[in-house]
Amino acid sequence: MIVIQDVHKHFGGFRAVDGASLEIAEGSITGLIGPNGAGKTTLFNVIAGVLQPTSGRVFMAGEDITGLPPHDLFHKGLLRTFQIAHEFSSMSCRENLMMVPGGQSGETLWNTWFGQKRIADEERALRAKADEVLEFLTIEHLSDQKAGEISGGQKKLLELGRTMMVDARIVFLDEVGAGVNRTLLNTIGDAIIRLNQERGYTFVVIEHDMDFIGRLCDPVICMAEGKVLAQGTLDEIKANEHVIEAYLGTGLKNKDKVGA
Amino acid sequence: MNETVKNTLLFAVVGGLILLTGVMQSWNAALLILNMGLVSAVMAIGVNLQWGFAGLFNIGVMGFVALGGLAAVLVSMPPTPEAWSAGGGGIILGLLLGAGTVIAAVVLHKRMRPGPGRALALLAVVVIGFFVFRAVLDPSVDAVEKVDPAITGYLGGLGLPVILSWPIGGLLAAGAAWLIGKTALGLRSDYLAIATLGIAEIIIAVLKNEDWLSRGVKNVVGIPRPLPFEIDLQNDPAFVERAAGFGLDPVTASTLYVKLGYAALFLIVLVVLMWMAQKALHSPWGRMMRAIRDNEVAAEAMGKDVTRRHLQVFVLGSAICGIAGAMMTTMDGQLTPGTYQPLRFTFLVWVMVIVGGSGNNFGAVLGAMLIWFLWVQVEPMGIFLLEVLTSGMSDGGLKSHLLESAAHMRLFTMGLVLILVLRFSPRGLIPEK
Amino acid sequence: EDVKLGILLGFTGPLESITPDMAAAVNLAIGEVNDSGVFLDGASTVSSINADTGCVDASLAVASAERLITSDKVNGIVGGMCSGETTASLQNVALPNGMVMISPSATSPGLTAIEDNGLFFRTSPSDARQGQVMADILNDRGIKEVAVTYTNNDYGKGLADSFQSAFEQSGGTVTINAAHEDGKADYSAEVGALASAGGEVLVVAGYVDQGGAGIVNGSLDTGAFETFMFPDGMVSDALEQNFGDLVEGSFGQHPGNDSDGGAKFKAAGEAAGFAPTNAFAPESYDAAALILLAMQAAGSTDPQVYKDKVMEVANAPGETILPGELAKALQILKDGGDVDFVGASAVELIEPGESAGNYREIEFKDGAMTTVGYR
Amino acid sequence: MSGNPYQDDRGNKDRSIANPKGGGTAEGARRKGKAVTAPGGPFLIGDAMTGGYGKGPDILHDCTIAVDQGEIAVIVGPNGAGKSTAMKAVFGMLNVRQGHVRLDGEDITALSPQDRVAKGMGFVPQTSNIFTSMTVQENLEMGAFIRTDDFSDTMAQVFDLFPILREKRNQAAGELSGGQRQQVAVGRALMTRPKVLMLDEPTAGVSPIVMDELFDRIIEVARTGIPILMVEQNARQALEIADKGYVLVQGTNAYSGTGKDLLADPEVRKSFLGG
Amino acid sequence: MDFLNAIVALSNYVLIPAMSYGSQLALGALGVTLIYGILRFSNFAHGDTMAFGAMVTILATWWMQSMGIGLGPLPTALLALPFGILGCIALVLITDRMVYRFYREQKAKPVILVIVSMGVMFMMNGLVRFIIGPNDQNFNDGARFIISARDFRTMTGLDEGLAIKTSQGLTVITAVGVVALLFWFLNRTRTGKSMRAYSDNEDLALLSGINPERVVMYTWLIVAALATVAGVLYGLDKSFKPFTYFQLLLPIFASAIVGGLGNPLGAIAGGFIIAFSEVTITYAWKKIAIYLLPERFEPDSLVQLLSTDYKLAVSFVILLIVLLFRPTGIFRGKSL
């Protein structure tokens, strides 16, 4: 699905991504872990077109997508969510979803003046679809609420919902779990699995929560210092010495109680 | 109070102010305020489109308005055949060469790999292109400007009806906006404000100094009018008779007639633009713009081409300012490049939009009418006020100093109105919903 | 009857600094007329109403003119100030309403040819004339090569152009004819270019309290030029005060003749507490006086009637009238006599209603501005 | 568009006019009240606090959190429950409409945040908790801003606690890795020699290895006798080391007890610790 | 070939004027950049603040001149400067109290403050003209030149003169001094560091016990002082006129942005870049070419790249090019 060939991304002299090569299989949920500063987000941004790689190529389904801007990638079915939810805060949750599909005829100025009938039809269909997605996410009661006014976790759900408004092929999730309550995280995890199974979305997930990774991801890729350190099932990764040394660690040293 | 009632009331108040001017001062003065108010309203719609809908901070409004004015000259003035034969060809060729140089540089920049080689090649193209451009252009410009400099000294226009210049002014402004937007919106950080501020100054500099184009500071006067001259009306017995039917003397009737004519023309433009802006706002396009405004990064990730949309809005808004500029020049009957001052044509329009209500087209129109009214009327009101205040004082230095300062009250008042509105109704008089 | 004069000048904008003195000069003339007690029926008084043109704001000028004419119902207008704005209010307001405008300061040659139905006059000469005078002065001094800088508006440009063509026709060389913008932060670049081009004298066709001063300053500072030629926009007390000692041997000209009108006006103005030698203050006085004298001559305050008398009172034949003598003039006119108003700036109106252009040639000697002759 | 009309920037991103960097949200910086003695009670307590941001709705409802000398108290709860809000309320960064904050026998509800720092409170916020453009050393110096005495020994202590910081002390803090930044943040708070330390999710977005390291350090700090009030999403690990735990839901105390109690409570486990 | 004369001419017409103009811009840009860095908005009223400070100084200068107080060869305005600074401080503090503080309490977005500053600009604009009038005011006294072109010529026997005005010397010296002082203050003093901290992260500054209102006040104090100094130096070197100070806003902003907004070093560099580019690119090189080239090649045109009408355009093109390659200005990344 996605092939990354020897991608480098340098900031000044600093090599944030330093020759990463990896493949993401179609239909998988791939986990991406690694210590802070390993270059995960940077690699993500390179794939998603936010950053230009210093060198290297990115392919999607055989096509070279290196350096395409995010909106082009969106139309190719490559979607992403953000570590900090990026909702459209002044718009209702429904509108947040309705704005997603590309190529709406109402987005052309000309049509807003002279093609109103067509717009009305399209809007009706979009609305139905948005309501369906809200229901799937169990937040249909929020559909008319402003997205700025819903809780953090609900925003993350909404964010996931946006990827469901179109036929995505691959979705990149950046730290869905960071700062999200574990119970809600489980709900999100369920949604991801359902999307993967029912709609065949491919997922790439950056996460620091090993439980979450364990529940969802089959291949897990561990990065360190801009390179791919290890790749395999979670158990393989957990057993990998390099990974333990660089990332997982061996647990608390001072587990004994304080103060007493 | 219900919102519609409140808004209607606000419009009624501004209308009332203008009517009051008619009763207290004269109907001509009132209509003149109305007409310039309408032109300002068009400008305000343009700025509102950029700032209110898309958060683009354009402080180069003046430049686009001036380009609209230029269009009025280029479209409606008669051509100067001697000037064309003296150097028209050379100028066209020179301009083409100049454009060619820029295009060559851009192509080179795109095609070649980054490195010292590209830098050298770019430099060579630009330098050589510049000197060739100057070598071709300069002699022709001199030749054109030598043609009867006191009366013409420029290439003249196309001699078409002046109304045509309104859409063409829009196009001209749109073209310039496209160039600016391509550069400034393409910068990795946003620097639109300073870019527009600077380019507006450059546009004015061109208008002032390129005599072959616009007669420069010598001004173009006597631009053809879409409406009859008052004098002709006064000499037209049929008109005089009809005026008498209304109980008006020919002078008043003719001046009112012409002003009403302009008011009607401007109103048509304003209504059409309002309709278009409102339709766009309440459609998926408007939703997309709101999404982009709320969160550019997310909108980009959701497949919306933010830069292109910003460019689109920027170009449209500037085009509207260009139309307004052409309308204004048409009404003035002359192009005076020295007129274009940022305080008056950029900052004042901003005050209109902010006071009226950014993001709300009706707000922008209301703000334009109100602020223009104040701009014109604060001075007489200030004089009146100061006269009342100083009536007890003996005639002395202070009194005359105060009275002399009345004209500066205008700036002061504009600032005060802006600050008061931002304080107590920060979203403007008619806020965005 | 209460006669009203509109003062339609740029109280704000780039020339705002000289406007108050111009308005004061108008009011000086009005005061004289009021004190005379013989104006029209003898019981009429004149009052003035200020209105701002912004100098460069055509729309504002038009709105102000409209207000003066249709709301305040003035009987005549002194104004406008800058040529562009003057054209706008003339064509859009004064002409349709049949109002007389006498501009003290719009000097653009373009205004000569404008269609005005005999309603528009100016007490300042067209720049075309001054350009010729300047060329003559230079030739008489044997100067063959000059650099020219002008304020970038219709006044400066028009003057510089007419001067250049007149000077070149008489065999002189203009090494550079470069504009400067008023009110800009810095003039080093302009001075650098002028210095590089060189020339015996620098002609500064600008305003003394504007870019003109900046250019002179810069030239003196760098030693680029030591001798200057100052056209009318530069010649004033401010010039003498600020640069008197520094521009020894520089020369120039401004409207004036060998009558002692200028001196009288200066004294009267100083007594009235304004700066009478500021640019265009004398012309403003004359503009107001002409309107009032024409009214007296016509015995009417209707512009359509008195417009035909303006040229008459301004020119010979008749008794010469200097500043301070308006009462005398009114009396003469009342008695059916004829006057030749000379005023503060030696107005002599030629067709189509503009000052013929008598110039006083000045030179800086020992730090003071001295008259060396008249042209 | 936000609820506050003054915060309406219409998505403007223009760098030539507006500086996007480092703007604050804290209210109450200009509060000018005085502390009142109010003896008794725990060392630090936010007592029955009700309040919200600006003119917005209440986010906290009668919420109480407290920590006593020598204790670690941990607050857990779903996102948006108001944990960070409660911390800010205790620190005076928003206006509490009801309730009181008491520290060491004094009612400090009326004090501004900067005055509370002077009273001995230290706070490490959840995000942007270091001065990125300043060096590590300057960050620590800013931590000691209110101190007029010689603070070099405290700085030495902080460097002993976080040795990596000594190495990097002349480096701009913005160039450090996530875990190192958190150490700087805690170090900065320690520089005031606080009588009580408040931490808002110190381990968010930090890799497990750094998280363990940080927890270790926090325990070490607690051992020096400084009471610690902490919000954590890594609830299990946090509750394990906590003397006291609070579960906040929608701005109210849903459960409280010792860390062990909460960990053992099946209801809490199910609803908040993910089973 | 006449190197000496060429160099002297270049210094006289390009280097020295650009130096002093650059210093004036740099001082103005410093004020703009400080407000941008610490209060987070671009202050459109800065030009008018400069005008106000200069105006108070002028009034004080006149008073001193009338009392016969003076500084000998140095302009009296230097003595009056403290009064100007105090007056300006009073004005900005009152403005802050009555206008800006409210928005800070509301946590208003910076762009709102930008628009508010437009209103303040309009009002100050009116205020200054109301008090001193719109006219040109000359308040320079003392010796005009440190060395005049004529003296230089007789001294050296060269054809070209080199003039250094007292005001130019003063401008450059004061600018260097003020800048050094500012840097020392920001980097070495507690208050200076607290200002940097506030600029970096407002909330965290609060958590470190820094009183934000105090930081804001210090900022205004410094900005008022800088604005007054810049305004007075400018007025001494050129002349005082309210309208010109509004016009100064444009090059000042360009300077601050070229250098990197929020960065004091950048403001200084930017000031000089703008000043030098305005003067050099539109300079007519004829004179220098005549000195340097053999007689055969002597140019008869002006050898001017662009006419001076477009000097503003030049600074903007440079601005755009800098931003294209260095999106946050020359001194990117670092602020305060």
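The chains carry the letters A, B, C, D and E, assigned in the order they are written, with residues numbered from 1 in each.
Here, a contact is a pair of C-beta atoms (placed from the backbone, for glycine too) under 8 Å apart; a residue touches a chain by one contact, two chains touch by 3 or more.
In UniProt terms, the chains line up like this: A = Amino acid/amide ABC transporter ATP-binding protein 1, HAAT family; B = Amino acid/amide ABC transporter membrane protein 2, HAAT family; D = Amino acid/amide ABC transporter ATP-binding protein 2, HAAT family; E = Amino acid/amide ABC transporter membrane protein 1, HAAT family.
A quick note: this is a predicted structure, and the numbers were derived from the prediction, not measured.
Think of each touching pair as a link: the shortest run of links from chain A to chain C has 2 of them. Looking at the partners of chain B and chain C together, the chains they share are E. Contact with both chain A and chain D is made by B.
Using mean Cα coordinates as chain centres, the one most removed from chain A is C. Each of B-D and D-E has its own count of C-beta contacts, and the greater count is at D-E. A separation of 73 Å divides the Cα centre of chain C from that of chain D. Per-chain CA centroids place chain A at a distance of 45 Å from chain B.
Chain A and chain E have Cα centroids lying 49 Å from one another. Measuring from the averaged C-alpha position of chain C to that of chain E gives a distance of 36 Å. Each of residues 57, 189, 191, 193-195, 208-209, 293-295, 404, 408, 410-411, 426 in chain B touches at least two other chains. Contact with two or more other chains is made by residues 12, 14, 16, 20, 152, 179 of chain C.
Residue positions 89-90 of chain A each touch two or more of the other chains.
If you check each pair of chains against the touch rule, the ones that pass are A-B, A-D, B-C, B-D, B-E, C-E, D-E.
Across the complex, chain C is touched by residues 24-29, 32-33, 36, 149-151, 208-209, 216-219, 221-222, 229-231, 234, 251-252, 254-255, 258, 328, 331-334, 336, 338-341, 344, 375-376, 379-380, 383, 397, 404, 406-408, 410-411 of chain B. By the touch rule above, chain C contacts chain B in their complex via residues 11-14, 16, 20, 50-52, 54, 56-60, 62-64, 66-67, 69-72, 82-85, 87-88, 91-92, 95-98, 108-110, 113-114, 117, 128, 152-154, 156-158, 161-162, 179, 273. Of all the residues in chain E, the ones that touch chain D in their complex are 36-37, 40-42, 103, 105-114, 190, 193-194, 196-197, 199-213, 253, 257, 261-262, 328, 334-336.
In the complex of the two chains, the chain D residues touching chain E come out as 4, 6-10, 12, 14-27, 29-30, 54, 91, 93, 112-114, 117-118, 122-123, 125, 128-134, 138, 141-143, 145-146, 188-189, 192.
Interface residues of chain C facing chain E in the complex, by the touch rule stated above, are 12, 14, 16-17, 20, 152, 176, 178-181, 183-193, 195-198, 209-210, 213-214, 217-218, 221-224, 238, 241-242.
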